[in-house]
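First subunit A sits with subunit B, and in the next complex the same chain sits with subunit C.
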Partner chain A sequence: MFYLRLFATYVRVGILGELEYRANFWINMVQSALDLSVALGGLAVVFSHTDTLGGWRPEELLALIGVYFLIGGLIRTIIRPSMTQFMEHVRQGTLDFTLTKPADSQVLVSIQRIEIWRLVDVLIALPVLATALVRLGARLGLVETVVFAVTLLCGGLIIYSFWLMLSTCAFWFVRVENIQVIFMSMWQAGRWPVSIYPAWLRSVLTFLVPVAFATTVPATAVSGRITTSTLIGTIALAAAMLLVSRWFWRVGIRFYSGASA
Partner chain B sequence: MFAYYPIYKGYFRTALMVQFQYRIAMLIWLLGGIIEPLMYLVVWRTVSEQQGGSVGGYETNDFVVYFIAMMMVSHATFTWIMWEYVYRIRMGLFSVMLLKPIHPIHSDIADNIGYKFLTLTVMAPITLLLAWFFEATWQPLPWTLAAFVPVLILAFLMRFYWEWSLAMVAFWTTRIDAMNQAYIVVSLFFSGKLAPLSLFPEIVQRAADILPFRWMLAFPVELLLGRITPRELLIGIGAQLFWLVAGYLFMQFIYRAGIKRYAAFGA
Partner chain C sequence: MEHDSVIHIDKLSKVYTVNEREAGLVAAMRSLVKRKTRAVQAVDSISFSVNEGEIVGFLGPNGAGKTTTLKMLSGLLHPTGGSATVLGFRPWERNRDYLRRMTLVMGQRNQLLWDIPVIDTFELNRAVYRIPEPQFRLAVDELTDLLDLEPLLQKPTRNLSLGERMKCEIAAALLHRPSVLFLDEPTIGLDVTMQRRIRQFITEYNMRTGATVLLTSHYMADVEALCKRVIVIHHGKSLYDGELSGLADRFAPFKTVEVELHNGARGQPLTQYGELMAHSEGRVTLRIPKAETASVTGRILAELDVSDLTVQDPPIEDVIEHVFSQSPDPLDQQDPQRPSGE
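Right, the complex of A and B next:
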């Protein structure tokens, strides 16, 4: 409850901060619309030459794009700005101020900066997802909806834990911002189902940089093709990564000595 | 012309030394330029295999070679100037460049070519690796290889002049993210990066003919694949020359207008 209130406070601060730059809303809107036009245009060209892509029907790929934008929006709204801020704090030694606050430092670090206008990605994702669902015949019962929500949540948690572990490296190597560039470069490959990639690239996108769990897996859930083992594996991985990233964070924070102290 | 030779030599040396300092960051920035064509390679290879080995006149192997060549041509011609300029102007770094008794475009060209030389040591093995992974076979025709050299240089120069001119927009506004992205998206559809242009509807292909993007990327790539007739080669070089001259004049015009507007921040 306390942490929910804390989160609400940060969201409020985020809104207040960004209301000052209202033009940014329109700029982000244009950017998201352009991104979406690339994704949809790509689909249109591909499906003008074939009926399915690696066993995926057009509406299933549309659902995948919806998921890709949804999770991508959450990354850009909360995870990336917060983690960038955190690395900046480590570099300048100002992380001390966070550590002395009477709340869990990992939570504070993870929600400290919220770029509210980036939520337009999420806004754009919802109609895409809805269109895909209607086209899929909307055979979505209660079970499918729950499974979809669970995979989406797990995918989000996996990405968050992965990103937290990368950022924690800042305690040792101070300058790691470029690692984020690696992630965002790999992330764009999540627009397509990982099953079409050759085995080596598929394993990179599944295990080294867990893009597949945040995009392909929820998309298979929404089209009702997810296997029980994939579902259990995704949940287990999410739990494991949360624990490992938590442990790694604690190790890292013990190493931190403050640049100014 | 030859007066520039020692200047470029100096620029190259500093460019190489600076970039060697940031070699890890340099490698990381390459990744995006590798993943994107790789992604479309895999997509179109999958489509082609499903359609019995050929789509719109391209066989499966043609797609593989097309996108590997696209990766190289796009790497050879790309610029980051549209992001760099806004930073320069916001930070007031541009004032220093104005003080030098030489047009600032020269140091940018030298920087860009220096970067390409360094990164070639990474891109060349990656090209070979990808060709090996996807079992690409490619039989170059000697005359297309010979023609490829001037075509690539023209493609590089025309792209450089146009993107350098567009970067000048930073003189009027420093919020250029949306504009840059619009440029990237438009060029994605009309340059053949997303798919070979002959796979697009007729109207897109005709639009690509009159826009510059196809002559920057798809044309050199198709030439490497041996899909260009000598007649088309001449038309293509003509189009490249036209866009190069137009880009040069546009650059002169907008640069003059821009520096009149420029008031150093923080000065």
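Right, the complex of A and C next:
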């Protein structure tokens, strides 16, 4: 409850801060629109040649693009700016102010900066998802909705935990911004279902950089094709990564304050 | 346990393991994988206690270990040895109840968010410290009043001058009414007026709330105005802990003698009495070894046509400089650079 209220305060302050830079809204708008056009254009090109892609029908891929924008928007709104800020704090030594606050440092770090205009991606994602669902003619019953929500949540948590672990490396290496850039380019691959990629890349996108769980899995869920084992595996992975990333964060903090010495 | 001591530290030590960076691309590449490290003794077995409501100045040249000590006391660093309690807590356990009652201000670093108005950073701190709304209003009003923040609150931090920013930094750090303040060079880089302003504020806050303050500063004016008691550290060791006024007695091996002469100083063989420090028509300042003060002033009075003579302790700045320019004691040279293991 306390952390929810804290989060709300950060969101409010984020909005106030970003209102100062209204141009950002339009820039993000244009950027998101372009991204979406490219994604949809790509779909159109592919399906002018074939009816299915790696077993995926056009509507299903549309749903995937919706998920891709939805999660991507959340990454760009909260995770990326907060983690970038965190690394900046480590570099400048201002992380000290976070650590002297009477609240969980991981939470503070994870929500400290919110780029509210990036929510445009999420706004764009919603009609795309809706269209896909209508085209699929999917009867999105209660069970499907819950399963979809769960996979989305798990996907988000997996990406968050992964990113937190990457960022935590800043305690040792100080400058790890480049890892973020690598992640964002891997993320781009999540625009397509992982099943279309060669086996090695599929394993990379599933196990090394868990993009698949944040895009492909929720998209299979929304089109009603997810298997129970995938669902359970996704939930288990999300829980495990959340725990491991938290543990790693603690190790990082302990290293930062020199407990190991 | 002493009951009236708020801060109590005993043989506190900190050894840093620092990365050694060699020049050259190849070495830099190698350091990506495996880093060379060495140990640096930043704080070496320091002990002291601070009572409730005291303002204690922490003096030392750059790299003496002041900031490291403050960081250990504010829970940011684990010590390598010794113990410390503040308000009955072990700082580095970062107990929330402890963190809510202390604050850390660093003159060189900002906690205010760059792009948003100052009042919004205050708002974030209110949320983090869970300060009830009425209490928060009261604190903001009081601090606004004491520090003249009224015209600043709505401005984004980036539009503030250095002095304005520092005032807001201090206010942001005090919204939760901490009872222990660690101030690391709170006046650094500020102009004289602003320094005085901040000093007055610290005194005022100390009187109003009875808070305990441990502060470091390079400006002797800060220390003289605020601290009756100082702790001098050098090369991680405590050299002196006591009244500011006792510092000269203890460390200055000389006194300053100011002599006014009736028929001018010209042509007088003054250097035979002591080291000539300043010299203007008819007025001379000499530095004389402490032990010889009495005999030399006797000779001056007897041999010269003196109209006025005063004996003083040298300015505190000179004393400090003198202390720090001396080589560290032999104990301290026990190879602090010994290489550590992996």
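Keep in mind that, in the parts below, the second predicted complex is superposed on the first by the 256 of 261 C-alpha atoms of A that agree within 3 Å, B and C clash if a C-alpha of one lies under 4 Å from a C-alpha of the other, contacts with A are read in each partner's own complex, and residues count from 1 in each chain.
We adopt the following convention: a contact is a pair of C-beta atoms (placed from the backbone, for glycine too) under 8 Å apart; a residue touches a chain by one contact, two chains touch by 3 or more.
Since the model is a prediction, treat every value here as computed from it, not as a measurement.
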| item | value |
| --- | --- |
| Joint occupancy of subunit A by subunit B and subunit C, clash or fit | fit |
| Touched partner set for A:Val181, first subunit B, second subunit C, both or neither | first |
| First, second, both or neither for A:Leu53, with subunit B first and subunit C second | first |
| Contacts of A:Ile15 with subunit B and subunit C, given as first, second, both or neither | neither |
| Which of subunit B and subunit C A:Leu34 touches, first, second, both or neither | first |
| Touching partner for A:Leu6 - first (subunit B), second (subunit C), both, neither | second |
| Touching partner for A:Leu243 - first (subunit B), second (subunit C), both, neither | neither |
| Which of subunit B and subunit C A:Phe97 touches, first, second, both or neither | second |
| Per-residue contact with subunit A, leading partner among subunit C and subunit B | B |
| Lowest inter-chain C-alpha distance for subunit C and subunit B in the superposed arrangement, angstrom | 6 |
| Residues of subunit A that lie at the interface with subunit B and also at the interface with subunit C | none |
| Partner subunit A, residues of subunit C touching it in the complex | 14-17, 71, 74-78, 80, 92, 94, 96-97, 99-100, 102-104, 106, 109-111, 113, 115-117, 120, 123-124, 126-130, 156 |
| Subunit B partner contacts - residues on subunit A that touch it in the complex | 23, 27, 30-31, 34-35, 37-38, 41-42, 45-46, 48-50, 52-54, 178-179, 181-182, 184-186, 188-189, 191-192, 196-198, 200-201 |
| Subunit B - residues contacting subunit A, complex | 24-25, 28-29, 31-32, 35-36, 38-40, 42-44, 46-47, 50-51, 55-56, 133-134, 175, 177-178, 181-182, 185, 188-189, 194-195, 199-201 |
| Complex contact set, residues of subunit A against subunit C | 2, 5-6, 9-10, 12-13, 16-17, 20, 92-94, 96-97, 99-103, 108, 254, 257-259, 261 |
